[in-house]
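One chain, chain A, appears in both complexes that follow, with chain B as partner in the first and chain C in the second.
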Partner chain A sequence: MPTEKELQISPLVPDSILHNSRTLVNLQSLTASLFGVAAGILGLESYSGFLFYLAFSLLTTALFYFVRVAPASPFASSTPAQKTGLFDTSRYFHSPIAFWTGGLGNGLAGYILTWTLFYGLVRA
Partner chain B sequence: MTWISKSITVVGGVLLAHACYSAQEHSALQSFKATASTLTSSPPTAASLPIDIAIETIIALLVVIFGLVLGTRPMRPIQWHVWAGKLEREGEEGFLDSEGEVNRDYVGNPFRSLETRPGFIDIRKQRKEFAAWVKNGGGQVSQ
Partner chain C sequence: MVQVPVQTIHRDPQLFYWILLPITLVMILTGVLRHYATVLMATAPKKLDQKTLREQRSLLHGINVRGNFHVLSKRSFNTRRDALTTEYESGAYLKDPERRGQAPPNPMTDPSSMDGMMGMMKNQMAMIVPNTLIMSWINAFFSGYVIMKLPFPLTIKFKSMLQAGVATKDMDPRWMSSISWYFLCIFGLQSVFNFLLGNDNAASQMAQQMGQMGPATGQMFGPGVDPDKQFVAEAENLAVIEHYSVLDSVEQRLLQGIKV
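Let's look at the complex of A and B:
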């Protein structure tokens, strides 16, 4: 968390923070339900099911990063003075850990719901 | 959501539904064969889903993810100075959502009320700007 002094020197826009995080959480919740459908179809069991969720959730976040966040971040700009790391999300998100892993807990419930539902439906 | 992201998502959804239906029919067929065969046959093993249904599921999932990610709205910068710079440069156009309309929670210039205080109007500058705008062909009303 930035200190209050840092916030006074370079303030943040709460409206943008809200918009960005809401978009990401909506996407992750929606795709978590779809992952559950696929996991039910494939007939995945305990550990492999959760690994499936984790892997595809991270894949979705990475794809979201490459489509929405990276093109406008300073990494893409040509001035060398602004080049940051390859996975820099600071322009649009508060903290990188929250960006990559924040939606996992939220989507897990929806994932398990549709997973058990479709497992039961498809296995007759 | 733009129309192209919607169409990609729908295509992926159709593929996923097709894979689901195929898997359901496959498992129904397997259980039917198991009950139709003699009682001495071994109980049905764990689901042996055909590989093409599995591949179709994975591909459908990837297509749907791609379509949904394309349909997300553009991100807004969170640092105040970047946001304010973008607001000044692009005005409203920088904050359109995917249908081309300004977002409902678009705030605009936060200092607009300060900048347009009546006691601080520079009327000569505004007259010059208006004259330049008219000269550039703005506001011509055809009869």
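Let's look at the complex of A and C:
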């Protein structure tokens, strides 16, 4: 976590951070609905359905990280001052916890909606 | 423990076309309508006269100086601080300086504050009216049908909520009636609206309720706030800042970054 002084030396623009997290939320809510369709067609019930959602939304976030965030984060940089850890998102997002787990809450309602809909259409 | 056999109910496939689809469509279209109604009804912010604008902007100036003091050199920060503190404490930027120290006007009687209240009222109405209409529509047309089975089990407490209008005592609470599909739509359609209308849409009631909970940023200059007190507080905030610059010891940081 960078200190206040480090943030002042290399500031993060709030607008860009907002845009980044919005993009992430858009992606997550859209994919959550699609996962709901998949879970409903597969006919998953109770725990297996929620585990399906957990696994796939984490997978989405991980893919987002490895495709979009990681290549541009200088964790392979040669200068030690800019070197960051492998799972560090501080260049684009405020808190890593919000980055990794924020999607779970964002998409859950949409997931349940489409899950119920397609479960009802296909199985019940 | 005896294993309870899974209840199966044979339902008419036409239920899908005549209940599920209409409710979902109406919910989506209402969301779109609400979004555009909010866009159309939004009043442009009222033009402020010069004195009010000066009062607000000079306060913002102080806040910005306080927030970004680290990019100023010590001398220019001190100059700004002295000037701002003097002006703030003497009340030079106030809208009407002769009213210093008096109690602020009652926000209920102040005509300038009625705008904000009207805006809030409009939002509330845009939320309440369609919701009431749709709920009574669903209750009038679709009550008493069991249309779907939830894919996850629920406790018996949800029975009264999910199976409103279905008077069957032993039915599994997983079976849901049309009114509970309506509730699911309220919560779950946000992602659809995100997709259709963009991210900062006004279609979802949920987002609007969240917005009302949070502190409004416009509150800073709202009615009932004494600008003189704000100025004095800001002058104090400026006075206690311990100044440093980001350029302090920049040469060492530069040399650290250079590899031979």
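Here is the rule we use: the second predicted complex is superposed on the first by the 106 of 124 C-alpha atoms of A that agree within 3 Å, B and C clash if a C-alpha of one lies under 4 Å from a C-alpha of the other, contacts with A are read in each partner's own complex, and residues count from 1 in each chain.
Keep this in mind: contacts are C-beta pairs under 8 Å (C-beta built on N, C-alpha and C of every residue); 3 or more make two chains touch, one makes a residue touch a chain.
From a predicted model like this one, the values you see are computed outputs, not experimental measurements.
Once the two complexes are laid over each other on the shared chain, residue contacts for A:Phe50 go to chain C alone; chain B is not touched.
Looking at the shared chain after the overlay, A:Arg68 reaches chain B, while chain C stays out of its contact range. In the superposed pair of complexes, A:Phe93 makes contact with chain B only, with no contact to chain C. Judged by the touch definition given at the top, the superposed model places A:Leu121 against both chain B and chain C. Touch criterion met: A:Leu30 reaches chain B and chain C at once. When the shared chain is aligned, chain B comes close enough to touch A:Asp15, but chain C does not. Look at A:Ala109: by the touch rule set out above, it reaches chain C but stays clear of chain B.
Chain A residues 30, 121, 123-124 lie at the interface with chain B in one structure and with chain C in the other.
Residue ranges on chain B touching chain A, taken from their complex, read 16, 19-20, 23-24, 27-28, 31, 46-47, 49, 53-54, 57-58, 60-61, 64-66, 68-70, 72-83, 103, 105, 107.
Across the complex, chain A meets chain C through its residues 5, 8-9, 22, 25-26, 29-30, 32-33, 39-40, 44-46, 49-50, 78-79, 81, 107, 109-117, 119-121, 123-124. Of all the residues in chain A, the ones that touch chain B in their complex are 10-13, 15-17, 19-20, 23, 27, 30-31, 34-35, 37-38, 41-43, 56, 59-60, 63-64, 67-69, 72, 91-94, 118, 121-124. Contact residues of chain C toward chain A in the complex are 16, 20, 24, 70-71, 147-153, 184-185, 187-192, 194-195, 199, 246, 253, 256-257, 259.
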